[in-house]
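Each in structure tokens, the structures are laid out below.
The two complexes that follow have chain A in common; it is paired with chain B in the first and with chain C in the second.
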Partner chain A sequence: MVEGYIGIDVGSISTKGVVVDREFNVLASRYLRTQGNPIDSIRRLLAELGGQVDSGVRILGAGTTGSARRLAGVMIQADIVKNEIITHAVAASHFHPEVRTVIEIGGQDSKIIILRDAIPVDFAMNTVCAAGTGSFLDHQATRLGRPIEEFGALALKAKNRVNIAGRCTVFAESDMIHKAQLGMSTEDIVAGLCDAIVRNYMNTVAKGKEIHPLILFQGGVAANVGVKKAFELMLGHEVLVPEHFLVMGAVGAAIVASEETDGKGTKFAGFDVADTAFETRAFECDGCPNRCEVIETLREQQVIDRYGDRCGKWSKL
Partner chain B sequence: MKASFPNLGYDTYALKTFVEDLGGEVILAPPNSRRTVELGALHSPELICMPYKITLGNMLEAIELGADTLFMAAGARKCRFGYYHYLHERALKDLGKECRFIAVTQYSPFDFVFKVMPGIFGVSPFRVIRAVAKLLAKSRLTQEFRQQLNRKMALDFDGAEQAKPKALSVIERAHTLKEIQAARGEVRRIFALNGSEPAIRLGLVGEIYFMIEQFASQEIEKELGKMGAEVVFERSLYRHIRHLLSSDPAFVRSGRLARRYLQESPGGEAIRTVGEAVYFQQQGLDGIVHIFPFTCMPENIALEALQKLSEETGLPVLSLSFDEHTSRTGLLTRLEAFVDLVKRRKLGRRLHRN
Partner chain C sequence: MKVGIPRALLYHRYGRFWEEFLAGIGAEVVVSRRTDKVLLQKGLSHVSSEICLPIKIVAGHIEELVGKIDVLFLPRLLWLEDKLYACPKMIGIVDIARMMTGDRVRVVAPKIQGSLWLPHFRAGMELCHDPMRVARALTRARRHIPVHDRTPLFPDGEKRVALLGHFYNIGDDFISRPMVDTLTGHGYRICTKDELPESVLRSRQGFARSIRWVYERELYNAFRFLVDKVDGVCMIVSMGCGPDSLVAEFMRDEAQRRDRPFLQLVIDEHTGTAGIVTRIEAFLELAERRQARALQISDSRLKIGGQGRAA
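This part shows the complex of A and B:
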């Protein structure tokens, strides 16, 4: 029987999972839409991953990452819960040890990670604004009636890249409509949109960072060849989209799980968690004027995790 | 006189003792909470910085408890903070709050001792000098407390959580200079540090209100301590008073060290922020965390200088700006990632050497 690790990355838009062997070769990988219900998507993910490896893999360690990493970690009883910066960096330097820049654009956030000698040395994430992330591209593709999968290829056919205001998605959209009303082609406008996204990224997230090759482009938006091209034009370097760009966070989570367990044995609950009932609920504590929002996760009606309180009176179970 | 003033972190009690020494009765504002910020923000201009909003909230909550005299630091030498007392006074008047408002200028110690304080409290300058001496001693005590607490949290978080209330009540009870001196030893015994070093040490720099009042930064020292990082700092009320009395050697040093990255002061305490970061780098700390209020102009300029420092030396720097909308989840993700990064970097460097 093969031995390996499982990594799960639950983001705002998508839920990703991989099973890797001891050398971190990907044995199984799944990409699902979170659809606003991470509990359900994590369950489906486990069922599908379990189906793919078909009980032929003994899991030595489990790791979770992404914005719902804590919930996912509690559900599958992960050995380690790690933030998405480190997991993306770890996976990038595993597949491409010479990487010095990671550009990651997901559904609702974007980040840059700077590495030197395969060690992350600096990072930044978008703060208050989601302009130029996957959700916005999704929205525009729907508005123009084009499938998101073909959106990038459309941009490559552009003859004159149109200038689109990229500071804010609302203004970008009205600018796109304005340019369309002037009679400009959809291809040119979409190319302009890709440029605007890259410009926005460079001026906010990547501001002040020294970008050196090798540059990896990861996350859902890396599927968009138009944005990749726009990055290359802007940076003057080739931008590499790694083979497992969609699930790099999940692979990273599996790698840190192997570092964490290191032969100690795993707490992983198994793929049949898919059949267990989970529930999350929130309440406002009225113990003091801070009125913290406390979030708790229940497994089969039993509270298994609680957090969100500043003082710690709820989180200690 | 039922006097009150905005909370100032652990130094709130040092200030309370000061006012009591001059014969004032003190009504402390309730500890900073979400209500404080919401109350302050409700009556503040949208883009004014968080120190203004929290201090206004403190005043409103103190008035609810019966305070009739409010003290607020003033002195426009540094940044717009120096003008806040005008706005505070106007805001309170517009809200129909009846109270005496006293703006205390920070930058003329002579007037402070011989005119301002004797005028308000009807005491001799000699008594003011004695009270200032005690304020210095007590704020030095809280500085030492914070240093030990930060180290203890990084080494043994639960132990630190247990020791903290004990140490704080010792500090609160120390009134005379002699008691304060005894409390220093007592606090050291409570924390019982044995000289072991935490895995990583981070230098904290930034805007002074944020450096002293931990509520504004969502208790960043505690969160970093929980992640096993010791937070080292230079700025404190003690240092600030020393600086106002022109007797803070660290201030001169900061100016000298900052010069490579920032020649002219853009206002505020940007020079100190940069100078302290350079100092921490020279001391071999593993990284810098830079905190300041959203819309703070001087610290935004310091941020650029810190990026330059980071580029030149390879020292990791994390700059964080805060307002009342700052997401806790987002903050914790960044802190966790930064601590991980610093740890991996340190580990990697060790591997390279061997």
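This part shows the complex of A and C:
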């Protein structure tokens, strides 16, 4: 029987999971839409991953990452819960040890990680604005009636890249509509949109960072060849989209799980949490005027985790 | 007579001094409660959304006090010695308060230009009319102005992070608590600018000489002093703060040259705790991985050196 690790990355838009062997070769991987219900998507993800490896893998360790890493960690009883900066960096330097820049654009956030000698040394994330991330591209593709999968290829056909304002999603959209009314081709406008996304990324997220090759482009938006091309034009370097670009966070979570367990044995609950009843509830604490929104996770009606309070009154179980 | 002081901005440095002084001239001092979400919401509805978080917070505190007090005590800081200026929003806070409150409350606003004594004496006279009593209260209260003349110790083997930012951001639990809890939770001692001696903070060496904002010069000097003594530097920047955004860039450059991890935390009223915690955790881990790597390298160099000598 093969031995391996499981990593799960639950983001705002998508839920990703992988099973890797001891050398971190990907044995199974799944990418699902979170659709606003992470518990359900984690459950489906585990069931599908379990089906893919068909109980032929003995799990030595489990790790979770992404914005719902805590919830996922509680549900699968992960050995380690790690932030997405580290997991993306770890996976990138595993597959490409010479990487010095990681560009990651997901559904609602984007980040840059700077590595030197395979060690992450600096990072930045988008702060208050999600302009230029995956959800926006999704929205524009729907508005233009094109499937998101073909959106990038459309941009490659552009003859004259149109200038689109990228500072703000709302303004970018009205600018695109305006350019369409002027009679410019969809291809040119979509290419302009890709440029705007890259410009916005460079001015907000990558501001002040020294970008050196090798440059990896990860996350859902890396599927968009138009954005990849726009990055290459802007940076003057080739941008590499790694084989497992969609699930790099999950692979990283699996790698840190192996570092963490290191033969000590795992707490992993198994692929069949699908049969366990999980529930999350939120309530507003009225202990003080801060009115913290406290979130609790229940397994079989029992509270197993609570967070969100500023004072620690609820999070201490 | 009830005199109210908002627990915000300069209160975080001069609060005790003001409380003692006002009590000394016979006022009943009312300080607004600690910042919380309700106070912040009150502030948001009174000031422009473009302004920085500390001003939004002080507006909430002022609104909270109005109706419970006869006089609002709100000093206006223009500059301290050496003609180092406060930021325009700090200078304008009295006007913001007057716009907000109209004739609902009387505002007493000592105008600080250089020294503290005379403007506070005049403000005291507005409230008390007995010059002897005002002078006596002021002299007694003065010992509550914080003065630091000792340099803290930096023992070996301790994990340290510099948490830099304006004292009114760090001093406000509502803003700084998630940061402080995360850092101390990971075993780091937090070094701030306000525990450093004046001789360090007032230095005019190098770039500090060109900084004409009083608190920005302090921040930059603290950064220069701490950067080589800590494992990393976190700089809290209020969204929309002009002076901060400029000085923080100089810090970033310098940190990069010295190969020191640097994190800029931008705060505004939407800042969720989760985002702050994620960033700090990633930052600390980066710092640790970097150090482990540096140790490995120096280790292997030692070994090579050792072999050389043996041969």
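Methods note: the second predicted complex is superposed on the first by the 317 of 317 C-alpha atoms of A that agree within 3 Å, B and C clash if a C-alpha of one lies under 4 Å from a C-alpha of the other, contacts with A are read in each partner's own complex, and residues count from 1 in each chain.
Going forward, contacts are C-beta pairs under 8 Å (C-beta built on N, C-alpha and C of every residue); 3 or more make two chains touch, one makes a residue touch a chain.
Everything numeric here is computed off the predicted structure, so don't read it as measured data.
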Clash or fit, chain B versus chain C on superposed chain A: clash
Partner chain(s) touched by A:Arg310 [first = chain B, second = chain C, both, neither]: both
Contacts of A:Pro147 with chain B and chain C, given as first, second, both or neither: neither
Contacts of A:Asp117 with chain B and chain C, given as first, second, both or neither: both
First (chain B), second (chain C), both or neither touched by A:Gly183: neither
Intersection of chain A interface sets (partners chain B, chain C): 67, 83-86, 117, 119-123, 125, 127, 208, 288-291, 310
List of chain C residues in touch with chain A within their complex: 33, 36-39, 174, 177-178, 239, 249, 252, 261-262, 266, 268, 270, 273-275, 278-279, 281-283, 285-286, 289-290, 293
Contacting residues of chain A [partner chain C, same complex]: 67, 83-86, 117, 119-123, 125, 127-128, 208, 288-291, 308, 310
Chain A-touching residues of chain B, taken from the complex the two chains share: 30, 33-36, 161, 219, 304, 307, 310-311, 314, 316-317, 329-330, 333-334, 336-338, 340-341, 344-345, 348, 352
In the complex with chain B, residue positions of chain A that touch it: 67, 82-86, 116-123, 125, 127, 208, 210, 288-291, 310, 312
